[in-house]
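For clarity, chains are labelled A, B, C and D in written order, and residue numbers in each chain start from 1.
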């Protein structure tokens, strides 16, 4: 349904042409300094009309915080917020309405609900993500203040134009050879994960942090735009400084929650964490992340093919994952298809559309990541604090209990 | 935590060396004929010791149904079940216990809980999946009886040995050319999805339905086994005859629930649905699934790049997705790593392990898919039945309401 | 937290002095005709300033529907709504702020969250119930249209002034005699439950349907008001025409869900269903509701001590229950108490307060009842529809299966 | 459904005549010493056959712990447990099976599920509570170790035989006089709440801690037994040493969760907390609990009409509440009623039944209370720990922030 999260929880409402879209964010820790600008910054990174790569619809998407904050401090109570829709009228009828848009949600919404919004796919509109981005900005502010958590997403491919530094895709040709998979975690990629900042990402409208590749992406997107077509891409996200121990076995492993969160973003088709599909080709002896004492004296792993999660639980290394976004379904190019009643015909979508969604998807990915991490942090807090109130465990064999007797 | 599902819900318990592992399955529709053999069949496909490709541990994994069934008919009440562990003693201490196994859950469990099971990763043991497989077998029986739903998973790759008929992986080399992506949905792959049966899958111990590839996979797995190493792979799953309208926007899109379910299976690192990562390279004009009237008169799509889901909701086409499993972390080969206290050293895991998990993962994937589909079906039933009790909607423009006035 | 319900779900936000209070209502059946007036009617019954018995604060509480509805028909998507707060500034500091109000939530909120709203008890404000009343009005409209369900609450006592027709309270004096408990279900009470309408309830500002008692209640409330004091009371609610089979054993028995819902209303201290506390004094031989064929040919019970629920599941008889509301904690009369820092002193609350909340509580009780019933109806729909798709059960003994073979 | 709790969560299974009844308890804090006897003690207080006041069925109800514990220490993973049913065969057919038992769940289960267990009301059997009692014993052990929480329930009435020291029931006669309600919180009652122990409760088989009243209760129960009838009663429960700040506004106020938990116990009809129904008659000026500095220097309230909860949140005072249990529906006395098909007739239940359930209900009430408190404690831990990681709040007016700057 329209609620996500257990202890930190966002519920959203709104279609394209209703009065507003908005959200209720429940479970925000009390005592957090929070200004509208904290939320607006990410909303503005998501809004349409940022560059000639996105839809020319120019919506300001100004957030109105309603509750849960006084004198710039969160109260711990639900934060209501909304963003007005600039075009609030149900859409006028058009001949294109006779057609369910191919690969869009028009037909499935009508089948599911028996009725549908005049705007077509109802809640499948990207405007729904406004509430998520707002919730994510709030979660992220907490995580940054309390733990210095850094969450940075960036565009790693557009069509076949790929960022050089990333986990390589799996082999295209069947082979029995295992020797050439070492580049999965190139030093350049490891460095990128450790250093990339949101500022660097935003230097280019594509949100690809490699200028040369970014320029190629621009051309690719503009080519799609000019041909009234669209193109897909991938977004990679890294989360640094995550506390150890987050993620709930069995069904709520952290990667499972992240996958759930990411695949709930419109137009997503794929998710991989750590070495991902490519890692399936690497033998265990190479893929295992050996433990070491690091230069700073901390216990950790030498490599990080696992992507910061082992057994569904964070191990303190960087979490990184990649999401595949399909080419947008709404294109102005004429398409041979059928009307709701089965009559064959030609549909050319009206309106102005994004030829490629990945630049605008970046803050949405960051938001969903923030929500998942904060929710899991709260759940682990509950357990850890409870266990810490018990006397030390003295009756277990030493390899079964953490030193300092359960005071973890 | 250890519960999955909203209206059809499985809760599991059990570690490797405790008395038993088991599950409570709540929300099974009443009136379903159910015998222990319905559950046992899938448990036996999951159990160790099936062939020389898996761990030689020979556990029978006989299920004991406890409740919720009388005279072979489900009562609609919770079905309790358990499988005894054959080795129920906490493990003896061994020098290997000084080492957290690399890329395993030993270290993260200890950090998360402050204590851990003697067997190491506790609930991250594959034995935990017994409860899921049992729940899935029950869900599947209902889906088959009520709708003829067919769920078939199979091994699509081991290391770099790949089934020829499948969605191709994305390009390895950056390119601005879009013309060579047509093979994403080859006719062979479409045919495979439409026809593959569980019997065909089980003809070969690898559970790869292409004999020539299967033989190569055997060699690859045995090579890993002989070198005390391990290798990963992928499992592809198809779901046929799914009712239209399943999946709950916004956060519980069907692909999001499937991704959550699949990434909760131990050792998984990646998930893609429909055209997946490869589809991100295909322009919208080619990737869109145009609507047609099919030969049997039904309304559907000409292609199925979407993988049977649009806007998070099933459209009646086949659902297909792929999951990446990493190489098992537990290998007998000596590994340079560190003890819990940071002391560097060499670990060689004792015991007998699977060199490759994908053959045994097949029924687990089918189980999780069954659970997700039945749960979503029940939720959609609730809405559909409720809407069907209202008078027909007569005041909406015709393109906003399903013919026969909301009686969907 | 701030969400209630499983498939029909309301999430609320808002304190006394923030920008607005509001709610997101998720899971409303699609295709339901819904106008703002459907919601406003109940909000207006809840708002302050309706008569001289309530607080003189005169707030209009006009609802603004934001989403989920087009052309007056629900889309099945979340309905966002809000009511602006007329006084949106954080409260000015006052010396009374040094005191936590006795029996109010000021102190516990501060302890719980570490910070608190300037208005005191934050979300414990009765303004929070606006979102519930709106959600309830929507649920009720569906229930009425689809099943003719009627939900009517009324004031059954104010202080010691009691409606003559109701379940008697239990004995005040210990006794071994069982013979005088027959009046628990007086014919007058049974008649009242069967016939009471919302129009009759609203004829008097007390919302007590017995004019003579209502007049005494007015005097009692005005006496409290004049002495700057307050008084409690009880609200009784009846639900007619409820479908059979609602309520989920074990933990979500319908009476448990109703109790949860009712005790979540501010100022409530007690709940009883059917014969309630009084029924504990009646021997089973008298208390059991024998089955009969009724005049209209339907199967039902002769008496209804059970209050329409048996084993946690509705049996089609009228559901009735009673809720106790304590005397409002906020009184203008001086109280000897202590400041937050422990300094003893005298507090006289400023502002204008309700001397008795029960007249305004009536629509809140109806709302929470509606939400519970619709939520349980949707859950039972899910199961019933699923079971109905299976072939008839023919292998069970006849007393274990419903005639017409499971087609229930 | 069959799961209760958010972070501390119990899921149960089992009917009367299946193989076993059991539970999975998820979310137990790790590192807690736990032996089977900790659970068995409470199960034995619940089991039938304890005295001549209960059913003569003599079931040992020996618990078998399956998982989640090693070397007597909880691992933080789910604790599976089961108790074998001694009579595991589906019941033989009997002529009594033609009759749904009046005020029992036979008829509603059949209507709800379309099929039902041979034993009649399926999950409405009191055997289902075994899993709850086990879960409660585990929760209670944690609460006692970590906070010294004490939870004691006792029988406060049987029929009209009442414990002298308790909250008085409300007036039976309508009156405008407010002066005689002072006895609501008699010094004897306050003393009883502060001092009652489980040992004192168990001194008498009725579990009423007032010997003289207990003897009268015995006579009353035996009178019911001899006349093949039954009688109801009430159980009162006190919870001492509860941490401040538990309970989640808005919908999950602690009293709402307790009411939900208690009304989910079979045969319950009523719940009141603190002054309850009687308190509705007391003016606010008398009913308010003024704040004071106590003898031990702690901040608290002078009286405790609130029952330890204000605004849904614990204030550190004793929590006390009362639950009404109806007279058991199953009686051996002949009853005029109707068969499933409507045929009128006479039913005399076979088997051996409890004439009064309240003595055996005592540990069930304690168990449900323990589960609620631990679950809420974990949720509050999550928030409190999260807030404690933020820098002190310095920008709020002093009356809006807890001294020591949010470090609560």
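Simple rule for what comes next: a residue touches a chain if its C-beta (ideal position, glycine included) is under 8 Å from a C-beta of that chain, and two chains touch if they have at least 3 such contacts.
Remember, predicted model here, so these are calculated numbers, not experimental data.
*Asks:* Could you tell me which chains are in contact with chain A and with chain B alike?
*Replies:* Common contact partners of chain A and chain B, which must touch each of the two, are C, D.
*Asks:* Which chain has its C-alpha centre farthest away from the C-alpha centre of chain B?
*Replies:* Of all the other chains, the one whose centre lies farthest from chain B is C.
*Asks:* Any idea whether A-C or A-D has more C-beta pairs in contact?
*Replies:* More contacting C-beta pairs are found at A-C.
*Asks:* Between chain A and chain C, what is the gap in Å from one C-alpha centre to the other?
*Replies:* Going by mean C-alpha positions, chain A sits 40 Å from chain C.
*Asks:* What is the distance, in whole Å, between the centres of chain A and chain D, each centre taken as the mean of its C-alpha atoms?
*Replies:* Roughly 44 Å separates the two chain centres.
*Asks:* Where in chain B do residues touch two or more other chains at once?
*Replies:* 1-3, 7, 12, 27, 30-31, 70-71, 73, 76-77, 112-118, 122-123, 249, 383-384, 387, 393, 396-397, 400-401, 406 - these are the residues of chain B that touch more than one other chain.
*Asks:* Which bits of chain A are touching chain D when the two form their complex?
*Replies:* Listed in rising order, the residues of chain A that touch chain D are 6-7, 27, 29-33, 70-73, 76-77, 142, 145-147, 249, 377-379, 381-387, 389-391, 393, 395-397, 400-401, 406.
*Asks:* For a test of understanding, state which residues of chain D touch chain B in their complex under the given definition.
*Replies:* The touching residues are 1-3, 7, 9, 11-15, 18-24, 26-27, 30-31, 64-71, 73-80, 82, 90, 112-118, 122-123.
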